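Each of the next two complexes has chain A plus one other chain: chain B in the first, chain C in the second.
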Partner chain A sequence: MAEILSVRDLTMRFGGVVALNRVGFDVRKGSVTALIGPNGAGKTTVFNCLTGFYRPDAGAMRLMGADGVPLDLMELMGRPFQGSDWVSPRSFARRLYCKMFGGAALAARAGVVRTFQNIRLFKEMTVMENLLVAQRARVDNRMVSGIFQSSGYRRAEAEALERAWYWLDFFRLSEDGNRLAKELAYGRQRRLEMARAMCAAPRLLCLDEPAAGLNPNETRELADWILALRRGHGVTVCLIEHDMGLVMEISDHVVVLDHGQVIASGRPERVRDDPVVLEAYLGAPEGAEEGV
Partner chain B sequence: MNAHILLQQLVNGVVLGSVYGLIAVGYTMVYGIIGMINFAHGEVYMIAAYLTAIFLAALTLLGIQSPPVVILMVLILTMAVTALYGWSIERIAYKPLRHSTRLAPLISAIGMSLILQNFVRIAQGARNQGIPTLLDGGVRLMENGPEQFVQITHAQILIVVTAIVSMGALWYLIQGTAMGRACRAVQQDRTMAALLGVDTDRIISVVFVLGASMAAVAGTLVTFNYGSFDFFIGFVTGIKAFTAAVLGGIGSLPGAMLGGLVLGLSESIFSGFVNTDYKDVFAFSLLVLVLIFRPSGLLGHPEVEKV
Partner chain C sequence: MPRKLWDAVLAGVVALLLFVPLTGVSLSGYTLEGHWQRPLWLAVGVVLGRLLLGWFLERRQRMVGTTRRPGWITAWIDDHRPYIVIAAVIGALLVPWWIGKYWLNVAILALIYVLLGLGLNVVVGLAGLLDLGFVAFYAVGAYTYALGHHYFALSFWAAVPLGAMLAAGFGVVLAFPVLRMHGDYLAIVTLGFGEIIRLILNNWLEVTGGPNGLRVPFPSLFGMDFGRRASPGHVTLHEFLNIPYSNEYRDIFLYLLLFLVVCGMVFLVRRLRRMPLGRNWEALREDEIACRSLGIQPVTVKLSAFGLGAMTAGVGGVFFAASQGFVNPTSFTFLESAHILAIVVLGGMGSTGGVIVAAVVLTVLPEVLRDFAEYRGLLFGCAMVLMMMWRPRGLMGIRRARFHRSEVG
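Moving on, here comes the complex of A and B:
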């Protein structure tokens, strides 16, 4: 299977703190890849870099485009100019475009969509509106066509609505369509966030602790949903999770981060028994000063 | 208390309030979406007044005389060019400062305001300018004597009707279309909207364009009503409209409309019954009182902590 995402030497510093130190890993198309590690290991920072939330200091992130052409995510997010950019007018124009308009929106349009550990919904909008906003590629956002309700606009809205209903049904939220997002219970808000991410038609879905705060039943459902997304919708999933049961059950590949470095990666059962990983989680086996 | 004076002042207050509301909408929308006070917004209103005169002269040169046609065309042309001003102001003065401290765009806004004022002063002269009256006459209600009547001029009717129509159109645009939905999403969580692929820069530009067009409506209508203007009218009117926006709850669209109406009404009633010279004092005292007892304004939500 081909890689949909390859990260190489990703480095991110905050002042003197090196949050990510030459992190590298691959995500294969159609797989579920888990990023695990103790608190503060840099897992969320990786997501923030992938989605254009932060601009990494160095490294390379390549996403395989829908047409099979690799996209340079660093470029999409508007990395600084380099000597090679000036060589051809075409690459220069592209750099200039990304510099001016680049950032999170372009990464999202390339197909990297994420959820947040602390849920970030549009709380004052209805559930349905949350899902419609996410379908930026489908709806007609122009002012004129909105005012005059052109036929193209109405068709686009109808399609977006249909798509939104599909994901509401999928995540069993159909009866909440017209409620405000803030009125939903916590577990439903989490589901809505995933539904919204799916409405943005992701090719790589990044879930940041999707099981946080869920009860065992809800976690069970979540596992089924993630597997169904991957099987039925061809979505590649990259998740950060502390619930090891969930990670071991659904992931094909596990990447372990500690202090901003990849300390192990491989199949879940191999990583679980890796002494280096155990040490990172539990501290050194003997004579350790630091606790968990 | 004289019922005629009261009614007359109510009429004047509604007219004044509609104008304040139209301008306040621009302040409140910009604040809602990027959290800054666009101090150059008053100047946009002032520029609209000048543009009205320019387009009126141009249309007269072209031989178009019919008042309804002239008014409509001037309104549309002024809105279009003023919208361009609003768009440019955002691109030049605020967009480059998007990721800097909160104070930077504020300073930039004050600078922009000074630049626009002085640009107009140099280009058009510092003297008071005027246009001929297009709409005269009016309707008199409850007439029982030479001094006893309530007069509503045609220009006042035009102001209120146009204000209601344009506010309605704006409301529909924000609540009922895909673009408005994206605007509301950006207002609530700009980063999250960007992470879902919404072009936030474009949405912010749209908000400036909408705000400027509403200020253009106000500028054109007031110019048709009073006929005179200078390069400094944007300052006081801008401050008043800003007060209206804060009064209604800044960030809230119906709040801006309500705030404008409350401010206009209280100002004209105060000047009708107490004292004209102190009407501004009364207006700002009202603001102080509202902010003491309802810090988030009449219709504002208490500040929600953003993640």
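Moving on, here comes the complex of A and C:
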């Protein structure tokens, strides 16, 4: 199977802190890839780069497009202006476009959709509205046809609603459709965030600690859902997770980060038994810090 | 409980320490006089206030995460909504025929504020962009008509769309540099923009007439004038209809026209809120980062909100100029922006019905309570603070679109 995402030499610095140091990994199409590592290892930073919230200092990120043409995510984010951009009008227009509209929104449109470590919902809106907002591509955005409720608009709206109901049912939130998002219990808010991400029609779904704060039952359900997403909906999942039980159960491939570097990657069992990984998690023995 | 009591006592002690030197001693001739009761009463007030605040905050804390039960006002309004709307429309249509010239002008002003409130509500209430310079677009509208008439003999009917477009253009131009700003920064820049527009109007004497302002003609209806005598080449309405002349007709006409515009705006906002664009405005207010993660471009969403808000203000400006018959820059000070913002806040940010009621009340009430004019600012201020703390979404609450599964799954 082909890679849907390949990351090479991703480097990101914040002042003196090297958050990512030449990170590289591949995500196979239709797989579940887990990104693990201790706190502050740089996992969320990888997601922020992938989804266009941060501009990496160096490296390459390629996403396989739906049509099989690889897409350069770095280019999508818009590199800073360079001398030559000011000369050629076309290049200038493209740069300006990326500067104004580039980054996260374009990455999302390319199919990289994420959830957040600390849930980010549209709190004062209802659950259904949250899901409708996410269906950017499916709704009819034309003003006039919306104001006068043309038949085409109504059809598009009905389709979007149907889609939203589908994902509500999928995540067992159907009875909450008309409640405000802020009124939901924590576990349900997490589910709503995932449902919303699915409504944005992702090709690569990035889940940032989806099981954080869930009880064991909810974590079980989450595992089933992620497996169902990948099996029944052709979604490739990339997840950051601390719950090793969950990671072992659902992931096909594990990448271990520590201090911004990939220290191990491979099949879950292999990674679990890797002494380097144990060391990173349990703390290095005396005097072992030098090599990092 | 003890914790709250302790807090209150502490606040009281601090208040006592502060108020004894501030209010407890006064200079009388060459001697200092002590008023020991004054600081004591003030401190008691502080203790009670602190207790109340603590109780209020605790209650709010407890309510976080629970479904809020609508109050009886909200419930009643919800149950009778169609009747209320019909009654309001009929009332608004009947009002101008009864109230006389003075109150008719107040009513026109109230409708202009309704329009402005609805426009600013899109920007502040829905899109969550705090705009303190809204009056700039109002001024653009008013001066479009005034200057357009002065230099190009622009008619009212041409000034309305032109003023709307120009104001929207200004709105978009302003929105560009502030796209990356949030909250306070945005507020300050828009505030500056509002002042710049006013200063230009004030100081560009050759073009705008500066503080002397410009005269603006009254609109005509299908080429008919409302005056007693027709201008050359026109007929007057009363001659055409063969009715006695009254100087109220023109105001009634303006009122009804304005009412139509307001209805159009209410309809537009109502539709937009249930459309992708309106939902995106609100989503942007709630969480810009989440919006971007879903592929929504904050740029276009913000520009559209600013544009629509400014456009509404532009139309309001043209009507304002027409109703006053005269414009000058003193009508477009920051206080005006603050007044419109007060309408939006008191109406409950995002609530259309609330904004309409607030605009009417805030325009009519000062006319009724002329004797209390000195305390107006104080009352406004208190009311706004209370609203923001107690009911940020307005007295009536905000009705959200409800969705039900269609029969066919």
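Here, the second predicted complex is superposed on the first by the 265 of 292 C-alpha atoms of A that agree within 3 Å, B and C clash if a C-alpha of one lies under 4 Å from a C-alpha of the other, contacts with A are read in each partner's own complex, and residues count from 1 in each chain.
Here is the rule we use: contacts are C-beta pairs under 8 Å (C-beta built on N, C-alpha and C of every residue); 3 or more make two chains touch, one makes a residue touch a chain.
It should be emphasised that the depicted structure is a prediction, and the values quoted were computed from it without experimental measurement.
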Once chain A from each complex is brought into register, does chain C clash with chain B or fit beside it? clash
Of the partners chain B and chain C, which touch A:E269 in the superposed model: first, second, both, neither? neither
Given the touch rule stated above, what does A:R196 touch, chain B (first), chain C (second), both, or neither? both
In the overlaid three-chain picture, which partner chain does A:E159 touch, first (chain B) or second (chain C), both, or neither? neither
Should A:D224 be classified as contacting the first partner (chain B), the second (chain C), both, or neither? neither
After superposition on the shared chain, which partner residues are touched by A:T126: those of chain B (first), chain C (second), both, or neither? second
Applying the document's definition of touch, where does A:N178 land relative to chain B and chain C: first, second, both, or neither? second
Check whether A:N118 is in contact with chain B, with chain C, with both or with neither, and answer first, second, both or neither. first
Among the partners chain B and chain C, which is in contact with a greater number of residues of chain A? C
Between chain B (first) and chain C (second), which does A:N141 come into contact with in this model arrangement: first, second, both, or neither? both
Enumerate the residues of chain A that count as touching chain B in its complex and touching chain C in the other. 51-53, 101, 103-105, 108-109, 113-114, 116, 120, 122-125, 129, 132-134, 136-137, 139-141, 143, 146-147, 196-197, 200
Taking the complex as given, what residues does chain C use to touch chain A? 65-67, 179, 268, 271-272, 275-277, 279-280, 282-283, 285-287, 289-299, 393, 400-403, 405-406
Under the stated contact criterion, what part of chain A meets chain B in this complex? 51-53, 101, 103-105, 107-109, 113-114, 116, 118, 120, 122-125, 129, 132-134, 136-137, 139-143, 146-147, 153, 156-157, 196-197, 200
What residues on chain A touch chain C, complex-wise? 51-53, 100-101, 103-106, 108-109, 113-114, 116, 120-126, 128-130, 132-134, 136-137, 139-141, 143, 146-147, 149, 158, 161-162, 164-165, 177-180, 182-183, 185, 196-197, 200
Chain A-touching residues of chain B, taken from the complex the two chains share: 169, 172-173, 176-182, 184-185, 188-189, 191-202, 206, 304, 307
